[in-house]
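Going by the order they are written in, the chains are A, B, C and D; count residues from 1 in each one.
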């Protein structure tokens, strides 16, 4: 699996593959052997190339994490590559003005959760996209009015197709 | 709420009523003011007339508990009065031979979960009875064959009506 | 004899008193507020009684109600802990009136030491050095000018009724005096309802060194050595140790003897602390006397092997101090850090919330005095001190190494705490060398020192978050696969809900 | 210098060694089996390496693999803890071959003390009293008859290669000898693959008293006082204390001197223990020497203020014993109880499972050496000892009162443990009076003593269970109410499932 991790304004590519024990994780160019174990509520022990680190992982909305380690607390965001692409094309979702939100991967619209003209808050579901055999709720990345919806229930979409517009 | 608690072969009547803080609980003739708080997984602090006791409560099947306190571990069983009555009338559910199981309160049969002639294990659901606005699964009190079912789906029953027979 | 003790406090100190009482075979009862039903004192006590809602004024500060409760439940003594009613002469009196022993000093000693000006007078009379100046209230600017000239600049203007670092103003030069005097008076009037002000010599960068004393009702008072409490933030102690890294045996003997004189001057009994400022020339000045058990008493216990709460109970029973107090031989070095639910890097803003995960350190030389456990909520109503971590070592270096180890073991999730600050502090070269004064911590924090270094490899953070993201998603997918072919409206909703909460 | 230490053990002792290494500034690595990935040693170490699957033979006992790993990761020393490879001369040698320091005694000392007959010979030569008899293997019944007559009945027949309470047979009268000899030989052959047997005088109801020693590589050996370990069940220690309630200063000096001679006889260095049996006349006899750190070392640490693991690391670096070993002044009394995941009232049957809830005691004088935490699984693969609770008090009485208090605070749910037994034992009049021998606990248990009294008001149990029953039901009802009017097949199923699991 390929993900993007954003921390202190920097983005890192993270590629996760299965390993005999745990995972191989490649951060940018650096490859690690990682064994991860949940040792308590919100706490995880990571063995990274044999070195142990214990981290607290507090999930916030939508791929945002507060990670605590011995050093202190850090905000870390995990994104899927196509989300990042969409964000870069259409501006960050916490911008103001009009934002068009695209499908980040091919799929099918399973359900519309709002109607055109409806006000939504950050994190509120707008529609449900089925992709890779998984249903993914597409949530509003900022508060606003869903001014246009470009898709209909049951409709297939391609990655990059516009889904809705928020203003 | 009126319950029966069985411990070391003795049965006690336990009546629970709401109090300004917590409950009034009457065990046989003895009335207590009780404040109960969950303080951990499987652990509860009880203030009984101001005296504090911490107990571990491990729920087993069907009203059976393992209760640990400072003293050690005890097996305690909680029954509803009509269950006890049925048990006394028809013999304990772990007897062999044929047992007829009655409705312990008036209600309506919501669902039959087995067919006549089907084998069931202890704790397996036989039918669902709706009573006091709550759905109660009537579970087999012993392993055996459900030889007869006396009720049909949707049918109202009175407390004491025979529901099924296990042999 | 004390057979039943009511503990009129909460949190770690209520637990501390409970432990001593239990070890002495005393039946224990605690009071609790509605917010503290699940508190550790309730769980560990024999009996517990709700005394009112969360706010202290409606629960832990209701002296008369607590004295009445003690009588009702047949307690024969009340232990007030520290804070709340611990130094209230009125409460001690209410207990006495109810026929309940107050575990602490006599009412008169509480009253005498409760007034700054009166206690200064008593100390002067007893030959205990006090900070020069300030033996009278200053009623107008002329008196203030005369007093400051007499004392010599810089001087500190202080509200007579002040406390907790409020109502203080430093005056370095004569031309600053008039404005400062007016400001201090008006602050004193508005904050404490009493505009009397006095002037004291300002001690530059002093250390805070205090002496633990204990007295019995037969007139015997002994000093149990000093504690160094110079690591403070805005006049609130955060780290304490015993012995002080700068007090030699001669100075110790002198300060201990002064502390005993101070206690005897007010016919003190029970445990108490005489606080001094120590200047860079080794001169010490009486600051105030705390007429109660102190937060930092465990460091003295760890080096002396004494149990101060047990001793308080003995004294309250009228017993003479035992032979162990004649032959106090401190061993090694002890350090305490106070764990506050505050963010040290955001101005110590309090951080209430639920303790989601807690691992306390353990092993040799580690003592936890703790009022929390995993799953409990940190309330907004009370002091944000959650626990105290105390370590002992053969010498200061071993104690600090052990503290560093223990702080690394300690893990608390759910609220922000001062733990990260202590992890840096315990490795700070000034602290390690014993170079400190009561303003050092504030100075270092203002200068941006004691910051957590970005010692965490950023790749570790990326790996941790990415793996969690992937695994959370995998759980969701697995759930979907289970339900394949049985889709309905409910499941779609359920799935979405789990995604919402899960991601 | 040791810069990187590999710890070849698990559970509480791996944690203990980790702590000492961290306080000394040493980088730490641990090995772990697949069953121990979530173990506390892994979480607290700087590095951790999986060494094989759960069974010890495939992981913690793989000496060569561990020595190789140490070399691969650049460790310069290995600490074996206790058990597993701690007394393996072969493993010590494998480490030496790999150029890794073995933190423990020299290979020769391990080998010499590993053989019962050889160590008896050495002790005799060094003037250390041994149990009369048994200086030679008995090859036939005639020799056995002669030896027993020479020693005097009752005698104990022992397998030379035996251990852990196996291969022992008591012979009270001559006519029992022939059958016992045959049985012991055949048991020795089948259990240990070696049928040699010897005879010893049987000591009636002895106490187990042992002396902690430590030596450096420069030939200095010091004794750190004794421990009383008479509370055993089937020859396994469960409670230990220091000092012994019956050893006076004269006997202590004698036994300590014998222990030093024993260690010097094998050129011992590092920490070790010389075990003695003490009869009711105050005579003591060498039993065996444990050439490693012992489970019960903390009681000695708590009274002496020494850190024995740190001292082991110092010695392994070649440092001489520090001045603190010249001037050992024990203070107070310490008691340790071992918490086993066993049901003491069902023949100590092991009780694996998940720790559902854990509250460790804390506060003054309490030390937890612990390998578990809430949520961890107690594996079937290893010794069922989960943790050690150690308390210190000014005297034995205070220590036992504190132990009673700490045991009441301790709460562990999810597996059966020996805690309830200790709660009764700590109040047992024989134990309180110090009247004990190594068979006392077994005797009392067989006699049905030390049972938990039905001290719990039965009404409390009834109230607890009934309230839970009602509240569980109320939650179910509330769930149903929420969904009113939206019933479908799924919810009926879901509801039933929640009832099934909830009731």
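Rule of thumb we're sticking to: a residue touches a chain if its C-beta (ideal position, glycine included) is under 8 Å from a C-beta of that chain, and two chains touch if they have at least 3 such contacts.
Quick caveat, the model's predicted, so the values are computed rather than measured.
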| item | value |
| --- | --- |
| Pair joined by the larger number of C-beta contacts - A-D, A-C | A-C |
| Label of the chain whose CA centroid is most distant from the centroid of chain B | C |
| Rounded Å distance between chain A and chain D, as computed from the means of their C-alpha atoms | 50 |
| Mean-CA-position distance for chain D and chain B (Å) | 45 |
| CA centroid of chain A to CA centroid of chain B, Å | 47 |
| Of all residues in chain C, the ones touching two or more other chains | 359, 373-374, 408 |
| Where chain B touches two or more other chains, by residue | 40, 54 |
| Category of the chain touch graph - line, ring, star, complete, other | other |
| Touching pairs among all chains present in the structure | A-C, A-D, B-C, B-D, C-D |
| Interfacial residue positions of chain D with respect to chain B in the complex | 345, 356-357, 359, 374, 408, 411, 413-414, 416, 420, 423, 452-456, 458-473, 476-477, 480-481, 492, 495-496, 499-500, 502-503 |
| Chain B contact footprint on chain C (complex, rising order) | 29, 37-38, 42-43, 45-50, 73, 373-376 |
| Chain C-facing residues of chain D, complex | 15-16, 19-20, 22-25, 44, 298, 301, 305-307, 324, 331-332, 359-360, 362-370, 373-374, 394, 398, 401-402, 404-405, 408-409, 488, 490-491 |
| Complex contact set, residues of chain B against chain C | 21, 35, 37, 39-40, 45, 47, 50-52, 54 |
| Residues of chain B touching chain D in the complex | 1, 3, 5, 7-8, 10, 12, 14, 16, 23, 25, 27, 30, 32, 34, 36, 40-44, 46, 48, 53-59, 61-63, 65, 67-74, 76-78, 110-111, 123, 125, 128, 133-137, 139 |
